[in-house]
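What follows is a short report on a single structure.
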């Protein structure tokens, strides 16, 4: 038994068992504990599902497991290796949501990696989940790396969002240190520092690396770590690549640098894009560099969208030597490379585009125009009304008229958003809203929306009963 | 104004029945005959944006089937639906659905039909034939020349004209009075000029201007200016001053705050370059327009927004500096 | 009511027998020999659209088999039928069907044969061999060069010439008179110009214009979705005078009032550049024709109409100014 | 009458045995050794179209198995047969069939093997291994570089060269005489030029031209759907003289009278630019060849024939004027 | 005789155990520790094609489980169906199957894991944890960056380096000697150059060349379907010297004599442009490469080989003349 136990990978062996042991997620712990104690005391919270999000390896799943133990819940786990089609969700989650636990206070339904629900193979799964959430008698918890994925949009409004932070290097090191002690391993502090640094806050990756070195050599030294972990040196790799491009002595050197780079093409181009002005200064140099990059991007899109992968080679010509030899006039600047803003901003970019999309959808069916007309003609007007109206009750009333979400109001109103939302809530509270508002004006759309939930409810009841009898 | 809700005036004042449509008389009359006869051929509505094509289609359906007409009308948008396959499925299903009590056909409304490829239109033609017993198609297009001949020859053709000044101004007046909005009469004419006969646009501008207070020529222009992100012009100026980094910071702001796509931004730059409000020498304008054409082409081919716009800005700072423009 | 939309004049006035075909004499004579001999090889009809290829094939079949010829002729459209597999099935089945009493073969008419891939044509060649005892193929193509050699070498070749102005105008007159349509004689010539020797197109335009009332030059341009040449020339002249802003205003008018797409307008500019009505120095014409090629290509690739046409006008004003043209 | 169109001369005059093949001597000699040894490895025949690859394969089989060789040879066309699955089935079945009395293997002939995807070729490789005891594969390809390494390394490689002028002309003469066809000797040379060493194409053109009567240079150009080189050269010269309008008139004539597509004409211009019949300074030739590449691409992408060819002529007049050529 | 063509040398000379692998020493040493400890984490093998990744995985399994290791290793290839469903099914089933007697886990080998969709990788990631007690995954990828982070963080990472020239040449020598193949030492170096450190490709080329007789530089280029670099460079130099007609003559020779396709030639020109043998300024290389890319794109879009390559050479002569380059 003991021998066998030893063969369990460390990432499982050392996974946190108690809430205490989950490192550095105090805010997330607080939110989740409050939410779960409500369930435990029999009061269902307003949002009956929670979505835990954050980078990989920061303890999302572990925390749920620990909480379940601590609060005495059963745990039902579904992950990406299970089918999650509409049918599968109905059969598993649908049943569990209305079941009484045999032991303990209830069942936590854990849907791991909800962003991994496949669009085709798991068709309808998310929709099914959306139907179950507002009705469930047991807490549903989901995890995701990227909650801004398009397919998760309808989910976001209906769940408690709990963010998990990236771990700091020191925290990762702390954990590694403890493992070394438990395994009675000889570990150099500098080696642990390197492992932690390269893991970029992914604790699981760090533990894996530690194990990879320890398993092979029985000790963990800086030299060994350096030799073995070269593959993870992403950041230093990109800096080396950039240096080789900007300071190349010959065309082939620059070309080799970009060809051998570990980064995928898009990321590499994002790095170059942001760092050209940190190295070049003369407008002519800048223009030539950007034109080369722009041509490269054109070749890449042709390669990707038309499947002409043989054209990739020209991408490398243009982002390697093409950048190097764009500099003809000025000297090279000494500024340090910066992390590409575009990558940092990707999530918020995706978020804002999605809000725009959902607004377009909402308004298009009401105004009888296409989504692109809404985006290009209507939204700017709405933004003007929301940002510059003399009397903010007016936009507030539009918020109610189109049932806009907070995200959407934020997009339309900018820094006026809070005020408008408050006003809208006040209006909603103080004035009695007629059952069928503005019958004359708003004909089909609102009525459809009103009808829909009723129908859903009936369906669901039927289904629940079926489940009990099957 | 006593209710808690408000909706956009374009929605609030949209004509519901053919009788409420105050312009395009000739078209309305032809459509009314269809209602009277309880029969109609396939229809093709063509004309510029905001001339009431979609509204007319809905009004026609309303008059044929009554208030709950939407259950007898399938609404599709060619640029929203992914491919003819999806359209075929939806049409098939719709054709099978309940028929109206009184009229022997249901209506399929296909907006932006000119955005379909020729192949897709061929397939559409076959759909029109296949379901011609129980359905009628209303196709809506901006550019009738992009509709293939075999479809055109199967449809009764209606060309919607840009609205006349008087019609638009009268409508604006009616709305303003009804909403208790103060206005300078001159301002309404300005709105017409700006909106180029697009009624929807005109009403939108009126509503936004009203939100700022009394509608004057001033506020109208102010609203139009506000509706364009001010960062665009600022970005152009910064670039032409030779400050690439500054211009790019503004570019990023546009993308992140407004969620604009690369094409959106290129179009806006283009619009600004040719507006009179920005002072650029003529030949510079042409040089820029030419490069914009190239960049737009690269964007259409699917390349990266951020990179392509950076290239455009880099080029603008280069020519700006060379020609010593001060934006 | 729907009847008005159902009978197309191109159908109504289509010649039924070879005797009724008034042009392409040499071809008609060769075809008549086949009728006389009650035998014929496979045929390949090539030539521009609307020169009567399909009509000739039907007339030939009519003269061979009599009024109910359609039971002995299988009509296929290469771009309609999905793949050679479908064609193979249909041919097989047709070959098995009843043979005509008097003639030892049936006819398979394959339209748009040049739209088939080379592979499909190879398969077709094998079909032609397989069924050569009991069937004859008539292949119709716009571009004979797209028909593979092994098929060409098996077929008797007929090249259809574009129709002459007099022939087309005479036919239009005949139809108009017969239908009791009023018309300006000038309008018929305009129809010929626009349809470039394509009889089918010419008749369709006539019918569409007639639907609007008297057929005038005005209505003709309206129904074909073209701007009046004078307005296009006006825009060209304005641009060449160096007044870009003015030219662009005219462009917007064309796009909005006539509902013309970018491609429509580019084609019309191209047409006008070569007309006698406009006085452009040869070297300017050269420059413009060259640049139009670039712009048209970008439009085909999906670039934005407004952006590309502005670029064209901007460019025209620049060279106009440089070369000091006064339009 | 119909017989004349049914038997293709390429079939009729195809060599039956290796001895009848009059060119590719080295290859024929190597193949004869296989016959003598009654053994052979897998073979890969590569080279341009019409150099006798398929013919050589058949002749080899004929010499190995005798007149009724076809029962021991399975013929597959990689682009015909849908997918490797079908090929696998057929090969399996064929491998099970009767073996030849004298030779320990049967032959599988796979035409257009370079049209198979890399994945399908991997599967093919496995088939070749599986059945290597009782079968030999002959793969035929235009471009050997498209055959994956593991297959190449299993095959003996034969590269077929384009045929020499004398060989082709002699063969055409032989056939023409045999068929009692009248011809201008010059016409046979023209056929060689046009077919670029492709014997099959050459014979097909001869047959098609013969169908029109005496074979002359004229009729040859007529059947291949090409303009007469003289007329194309005339157009080029006119353009290079700076007479754009004149050149365009000739272009319209080519397009309308000959029914040539834009691509046909571009290819012919390209061909003439390099002929000795036309005297163009090197720098001009360079400029034109570069631009032709651009124009051909635009046509391939679907741009308008007339617009693009006008652009090409415009550009030729432009450089012609600049460089002061007199054509 | 036939045997010589049936056994692929890459198979025959593939190392069976870790001890037989002569390069990638560091990696081999680490893998040997796993064998010694009878334990290992999940592994990710990354690096270019032909550096021995799959071989190493098999050798590792061989050393862990002995000769019949395949029953304890599940191999999933890119060409196998690897949708999410299949992965789920197969892995689950395999995990349930018999465990090896001595080692507490089985191995699942996923080749070309970077070709799996992100969705499939998501499914995989959890499987790796779920079955981690009884199975280990070895993922093989050319581009590790295409493996999603959560999987990377679950694996020990091994980077395979391209093989050194000496290693490859030594191996080729060993095989050639063993097979009794005659060769020029120079030819082996050429093979290394062409295969760019890809051992599998190198051995395949050796075998294919050996099939033609003695392995010489000549035969090597013949079998890979490439022109000799010297000839390509000759063509480039001629063009850059401004002698367009001369360069084109060389091009025709390459196309006809070597039977190279347009893409083959474009790729070779591209390769040579960056070689030291051609003496041109560095920035010119990039300019040319960019244009080559454009030409290459046009070719894959279906434009004509001859026309496009002529355009490329024309353009090169043009810049050569302008810049007074002498190649």
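Letters A, B, C, D and E mark the chains in the order given here, with residues in each chain numbered from 1 onward.
In this text, contacts are C-beta pairs under 8 Å (C-beta built on N, C-alpha and C of every residue); 3 or more make two chains touch, one makes a residue touch a chain.
On a predicted model such as this, the values are computed, not experimentally measured, just so you know.
Colleague: Starting from the defined contact criterion, work out which chains touch chain A and chain C both, please.
Modeller: B
Colleague: Where chain D and chain E touch, do the two copies share over half of their residue numbers, giving same, or under half, giving different?
Modeller: Counting which numbers both chains contribute, under half are shared, so the two copies meet through different residues.
Colleague: Could you tell me the distance, in whole angstrom, between the mean C-alpha positions of chain C and chain E?
Modeller: Whole-Å distance between the two chain centres: 51.
Colleague: Could you please state the distance in Å, as a whole number, between where the Cα atoms of chain C are centred and where those of chain D are centred?
Modeller: About 32 Å separates the centre of chain C from that of chain D.
Colleague: What residues in chain A touch two or more of the other chains?
Modeller: 295, 302
Colleague: Can you pull out the residues of chain C that are in contact with at least two other chains?
Modeller: Chain C, residues with two or more chain partners: 301.
Colleague: Given which chains touch which, is the overall layout a line, a ring, a star, complete, or other?
Modeller: Its topology is that of a ring.
Colleague: Which stretch or stretches of chain C touch chain D in the complex?
Modeller: Interface residues on the chain C side: 37, 39-42, 46-48, 119, 122-123, 129, 132, 142-146, 149-150, 152-157, 159, 161-162, 197, 266-267, 270, 274, 282-283, 285-294, 296-297, 300-301.
Colleague: Which residues, counting only chain B, touch chain A once they are in their complex?
Modeller: Per the touch definition, chain B meets chain A at residues 3-8, 10-12, 14, 16, 49, 54-55, 58, 67-68, 70, 77, 79-80, 111-112, 200-201, 204-205, 207-208, 211-213, 223, 226-229, 242, 244-245, 248, 252, 255-259, 261, 264, 295, 298, 301-304, 306-308, 310-311, 313-315, 317-318, 321-322.
Colleague: Please give the residue numbers of chain A that touch chain E in the complex, ascending.
Modeller: Per the stated touch rule, the residues are 4, 7-9, 11-12, 55-57, 79-83, 112-113, 115-116, 118-121, 145, 199, 202, 204-205, 208-209, 211-212, 215-217, 227-232, 250-252, 255, 262-264, 267, 292, 295, 299, 302, 306, 308, 310-311, 313-314, 317-318, 321-322, 324-325, 328.
Colleague: Which part of chain A faces chain B closely enough to touch in the complex?
Modeller: These residues of chain A touch chain B: 266, 269-270, 273, 277, 283-284, 286-287, 289-291, 293-295, 297-298, 300-302, 304-305, 341-342, 345, 348-349, 352-353, 355-356, 364, 366-373, 375-378, 380-385, 387-391, 394-395, 397-398, 400-402, 411, 414, 427-428, 431, 433-434, 437-438, 441-444.
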